[in-house]
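Report on one structure; see the data block that follows.
In this document, chain identifiers A, B, C and D correspond to the written order of the chains, with residue numbering beginning at 1 in each.
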Amino acid sequence: MAGTGETKVLHEYRQAMTVLGKSLRLRHESILLLILAAEWLFFAAAGRNFTTLDNTFNILRHSVEIGLLALAMTAVVLTGGIDLSVGSLLGLCAVLFGTFWRDAHLPVWAAMLLTLGAGAAAGGFNGTLIAWLRLPPLIVTLGTFSLFRGLAEAMTRGVDTFTDFPASFLFLGQERWLGLPAQAPIFVCFAGAMWLLVHCTTFGRSLRAIGFSPEGARYAGIPVRSRVVAVYLLAGLTAAMAAIIYTARLGQAKADAGVGYELFAITGVVLGGVSIFGGVGSVHGTLLGVAAIAVLNNGLAHVRQPREVAGMLTGLLLLLALSGSEFLKRLATRRDRCQPSPAATEKA
Amino acid sequence: MKAYSREVSVALTLGGLLLGLAIFAPSFYQAQPLLSLAAREAPTLVAACGMALVILCRQIDISIGAQFSVCSVCAGLLAGAHWPIPLVLSASITIGASLGALNGSLVAGLGLPSIVVTLATMVTWREGLRWLRQGIWVDLPEGFQWFGLRQSAGQWTIIILALTVLVLLALFMKHLAAGRFIYAVGSDAEAARLAGIRPRRITFAVFVFAGALVGLAAMMNVAQSPQVDPNSGTGLELKTIAAVVVGGVAISGGRGNLWGVFAGLLLLACLGPALTHLHVQAYWEKAIQGSVILLAVVADGGHRRNQGSP
Amino acid sequence: MPPLLQLASVTKSFGAVRALRGVSFDLQAGEVHALLGENGAGKSTLIKIITGAHSPDGGTITIAGKRVPQLSPTIARKLGVACIYQQPALFPDLSVAENIALRLESVALFHLIDWPERRTRAAELLNRIGAHFSPDMEVRHLSMPEQQLVEIACTLGAGARIVIMDEPTASLTQTEQVLLSAVVRDLCQSGVGVIYISHRLDEIFGLADRVTVLRDGESVSTGPVKELNESALIKLMVGREVTQTYPPSEAECGEVVISCRNLGCSAGGIHDVSLDVHAGEVVGLAGLVGAGRTELAKTLFGITPCDSGTLFLDGKQIEIRSSQEAIANGIALVPEDRRRHGVILEMSVAANITMAIHRRLFPGTWLRFNAERAEALEFIRDLDIRTSGPDAPVASLSGGNQQKVSVARWLATNPRLLILDEPTQGVDVGAKNEIHRLIRRLAKKGMAVLMISSDLPEVLGMSDRIAVMRGGTIVAILWGQSTAHDVMAAALGLEVGAQ
Amino acid sequence: MNRILTSFVFAGLAILAGCGKSADSSTGSGQAVLGPGAKKITIAFLPKSKGNAYFISCMKGADRAARELGVELIFDGPTDPDPARQNEIVENWITLGVDAIAAACENREGISTALRKARAKGIKVITYDADALPDVREFFVNQATPQGIGYALMDEAARLCQSEGEFAVIIGSLTAANQVEWRKYVEERRAAQYPKMIMVAVRPCDDLKDKAQSEATTLLSTYPNLKLFLSTTSLGVPSAAEAVKQAGKAGRVKVIGLGLPSENRRYVKEGVTDSVILWKTEDLGYLAVQAAFAAASGALKPGDKTFKAGRLGEFQIQGDNIMLGKPFIFNKDNIDQFDF
């Protein structure tokens, strides 16, 4: 056989790689699980009424919007992109929803549909600029980040607030359904759908391919552009969904809804082990990441720590988790210096 | 010429804006308001230069806003403790540099993606500052404002300082080996390594330097008013990134120059006042700024498309 | 006098992988020392060690009589080591002049830059190797071989004593190769030692004085080229006999599968291309680099859709605006740049193989992992792809096997027309041969094959007909029996008996 | 690795179960963590936002009250401008099991949903500074109605420019609820009483000092015969003053607004700022906590006509509003008497 030796060397190399790959995938998520468990234990011990059912539901209820955004963001980041505009879009959609319902006198369900449509359109706008003009996602969404928020403020002059939504609608955000917060089932279903989409469909497969190598995917006959547009469209749609739930939870829609949510979402995603360069990452990782942050925020309130501490610890947590798994990776590869330095592999 | 097409187009847009103002709102052109406008934007320019270096090096630093706040507050407190101005200045710069060094070591040393690292440090510094200071304004001693000079003198000092930084950096990036190495690393780190350049060191140095510039900028801002607002850095990162990319620096590193950044910043800086002068309602401002950024990149996208994938 | 470079039992491992198990090697001044070995034999690692990119785990390095304990890229450069890498290590965003300068100037952080001087020097170097582009061009606008030339210019300028050339001619055309070997000889005249790596044996015999053969990370033999012949050399490399001869064509030419009339694509710079490819026929596409061969392939495959002319598949006119449409119409392209386009290195073998047949394999978009695995295993067996299994990342395969994966992906779509762009580039002799036989097999099954290659013997050996391109269009269509001379003549635009 | 993990989780579940019990038993009081000692009332004090001088001085008063009453005080609020945060914090307090909440409401309807839940759980709710919907709280500690503030500001402005001429308004942010209300009443008063005064512009400063100053500077050059700045946000006043000072128009362009004496003292004395309007913020915080305590301990019931608040003495109650008293105008003469 040709190159028997070659196969020998490669065989070892391959084993090294596959073992490494598996253990790594395992590693990051297990780190997160450990962190989560540690947090839970600590707050359960130190906090007052942290472990009550009500509180668990609070955690859930408070992290639904961010969770939704993070899930959509996961798909975006898998393609090597990023979407800074989701928070602003949430605000815009909330205002649109209010306008449709109050000023256009539409029934709530119609307003919802229209809002979802608008969100999708806005996301599609991002996607089109990114895919067809080949503009860097960071910049495009930085632009729409202030454009969408601006439109929301312009529509309401900043002052207009939409309130007095029908109870049947507020139920969605405030009441219990089968003992669960009403928005929980929606979130769970969406999370499940996202998991299937990313891990079990050709769509998800192609997202990874695009994330690893857009050109390679194109040569493999994957419709890169339409996929990218689709992903940002999905993000827009999700933002709209989050906007509706948000409005239902607060019982009011205003131009300042969801300020800064994009950063929370991104934090959750990267904490969940999704590579910002694309290709690598999992939906359950993201969920764990979001959960870790949510529990931290909530738990600190139950040990009477002010919010800024929560924020600070979130930042540190992110640093620790990342450098932790990176460090373990280094150990595993024994400082294998043959792979290029990180900047070289970066696709901005 | 082709290489500078982007800078030129931005400059033309700026020219158009200024011309429009000259026709529809001549009141925009008054010595004193323009002077203070320039003085107010000078710190942003310095920070933007730092950001430009980082982006040219194919990294990004979204923590400079938080760094700015930290430096401002520290500078304020030290000044309150009656340190001499030069000492306060150097202290502020040192603090900025060391904050940058932390980012740098995590990015260059541990090889973590810069956007994630700086996201984390941003949150940490910002919230940490709030926690320690509760957002109370810092009162500065008499005679600290304008570095103890007369107002207009102080404003000129700040403006000239900023311009000097800009010019020196621009020359440095063009005519000094170190500057070219930053371009090289931003263009292809592995190739740089093979050429004997040490990408990690360069990256680290760039982060440190950017931090130092932020420290300087903070000081230039603090010196403009008798009190320090601990939130003064909020949104600075977005402002500077916008200026840098509108100025034609490629977010993928290695391409662009500081003159473009200058033009981009001027454009964005004049936009706000211009809208006021043209009696545009406040609630349109964000939308218009967003569209300007988009237009700038879309205009750029046109000819970049012909060059294959980014 | 002492040898320029001497390596004694150098070893190096990456994690669990022992890339070098003890290599001894020496380079005399003024000689071309060929370094041979199959992919994965450890050539690249050895080079990286000589250039200081990697530090060896064991063994000694002696340069110009002095022992070098700690070698870094900088030190290596000081000692006069220069390398032309397979994939040019250039800065895409910077000008040619600056790329050259960055290799030549000191890496001291603070020294002023003399732009005019940089430009003149670059221009002068480019002239010496007969490259015709401005030093102010940004490298990302240059073609692959042009970038290679920039690399060579760098080493020339560096005035290096030890020059390593890793497959310098992989993507060069005949003329450029001639030019290059001239350059190499110049270098040797001036007392430089050249370490020359290539898979093209004819080159080795034409150019090299001595040859060292690596196998499994060990140096198995060193000796003057004169004392060896092709088969002996190949035997040393792979430890068995391999025929360099090309399998004969048994396919009988069938119906016209694809025919293009005055096809043109302004983006790709091709125009008025008219060509028929019959079922069971292997058409070789020859021509200098930049003649528009790859561009034609991309146009047929819908990467850069045609904007003039017409395209017929089985006599029916078709439109191809995207790679999806190309696939739907049974057209497949195995691209030239394997690592960037051919496969996705980070993904598994199975995922890569099934990537183009999602529609067929996964109706309703649900991934069916067992079906996928089965499909993959089938091809792994058929093409004898050496991998630990369908789940191994393609990155862990050798070049030849990666290429096979890339081919397998397209066979899976079982296309009417298979376009192969430099199918055997950078592939070791054994794999090369297998790929050739594979091509024949496919042709026999009635597939129409369009093969782009710069390896002239390959084109002549494999093709039933040879279409020669120049200046973005087809200038001649020759029969397989025609000689290298005819092809080159046509490619260069001289008069030949072409129809 | 996985074994460690599972053991962790099991341990977690065990403790979780344990805490679950103890938590149920100790809802309302905080013995679980307060350790030995008498049953202590816990009062949560919610500002509109953290890091804001105004609420810090409220907090000072609240703190004093808490010490005098020997209750446990929790002070927390949003650090980011997201209106949903207040709800989140309140809902956490509900599960934490506080006895009373004193809240300054950023978004009337928004927070009401959360406060309503709190009341349903038997937690007493007092609002201060900005009211919620009447049905979700026992009492509103009324430092001055938005109307009162808006009118007072406008009257002061009119007094300073003899009821005619151009003036510009600087607001905290376009969207903040109280800002919107005050703006509304300022405009209302102007239209009704001072038709000769023209409101040329309303500029938001995003609660950033630097931005406020830039805005003021631009306004000065845009409207050359501007006579007065009116700021409805506390950091707007000193910023506008600084801008006027730097433009060298001190005295010619007046500055008034809502603001803390401490932040404005220097400008008031220099004569750049004429007057800042505010109530005694510390008393506001003090009163809010006192009321919350009284409500929680049953001393204060709906229908009471007066309320005795510790060392501050008697306060009138109109309906369900505890009146703190009229807003206070600080100027050259009296500003030194106040240190908040």
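As a convention for this text, a residue touches a chain if its C-beta (ideal position, glycine included) is under 8 Å from a C-beta of that chain, and two chains touch if they have at least 3 such contacts.
Given the structure is predicted, the values throughout are model-derived calculations rather than measurements.
Engineer: Chains touching subunit B and subunit D alike, please list them.
Structural biologist: The shared contacts of subunit B and subunit D, listed by label, come to A.
Engineer: With chain centres set to the mean of the C-alpha atoms, which chain is at the far end from subunit D?
Structural biologist: Between subunit D and the rest, the longest centre separation is with C.
Engineer: Averaged over CA atoms, how far is the centre of subunit A from the centre of subunit B? Could you give it in whole Å?
Structural biologist: Their C-alpha centroids are separated by 29 Å.
Engineer: Between subunit A and subunit C, what is the gap in Å from one C-alpha centre to the other?
Structural biologist: 41
Engineer: Rounded to a whole Å, what is the gap between the Cα centroids of subunit B and subunit C?
Structural biologist: Computed value for the inter-centroid distance: 45 Å.
Engineer: Report the inter-centroid distance (CA atoms only) between subunit C and subunit D in whole Å.
Structural biologist: 71
Engineer: Where in subunit D do residues touch at least two different other chains?
Structural biologist: If we look for residues of subunit D contacting two or more partner chains, we find 50, 79, 174, 204.
Engineer: Which subunit C residues reach two or more other chains?
Structural biologist: none
Engineer: Please list all residues of subunit A that touch 2 or more other chains.
Structural biologist: Each of 153, 156-158, 215, 306-308, 311 in subunit A touches at least two other chains.
Engineer: Please list, in label order, each pair of chains that touches.
Structural biologist: Touching chain pairs, listed by label, come out as A-B, A-C, A-D, B-C, B-D.
Engineer: Show me the residue ranges of subunit B that touch subunit A in the complex, using the header's touch definition.
Structural biologist: Residue list for subunit B touching subunit A: 57-60, 106-107, 110-113, 115-117, 119-128, 130-131, 185-186, 188-190, 193, 199-200, 203, 238, 241-242, 245, 251-253, 281-291, 293-294, 297-298, 300-302, 304-305, 309-310.
Engineer: Show which residues of subunit A lie in contact with subunit C when the two form their complex.
Structural biologist: 2-18, 20-21, 200-203, 205-206, 208-209, 212-213, 215-223, 279-280, 333-334, 336-338
Engineer: Mind pulling up the subunit C residues that touch subunit A in the complex?
Structural biologist: 14-19, 38-42, 48, 54, 215-217, 238-240, 242, 303, 322-324, 326-327, 333, 335, 340-347, 351-352, 355-356, 358, 362, 365-367, 386-388, 391-393, 395-398, 409, 428, 430-431, 434
Engineer: Spell out the part of subunit D that touches subunit A in their complex, as residue ranges.
Structural biologist: Interface residues on subunit D, with respect to subunit A: 1-2, 5, 8-9, 11-12, 15-16, 19-20, 23-24, 26-27, 30, 32-33, 50, 74-85, 87-89, 91-97, 107, 109-110, 112-113, 173-175, 177, 180, 183, 204.
Engineer: Show which residues of subunit D lie in contact with subunit B when the two form their complex.
Structural biologist: 50-53, 56, 79, 174, 201-204, 206-210, 213-215, 217-222, 224, 235, 238-239, 242-243, 246-248, 263, 266
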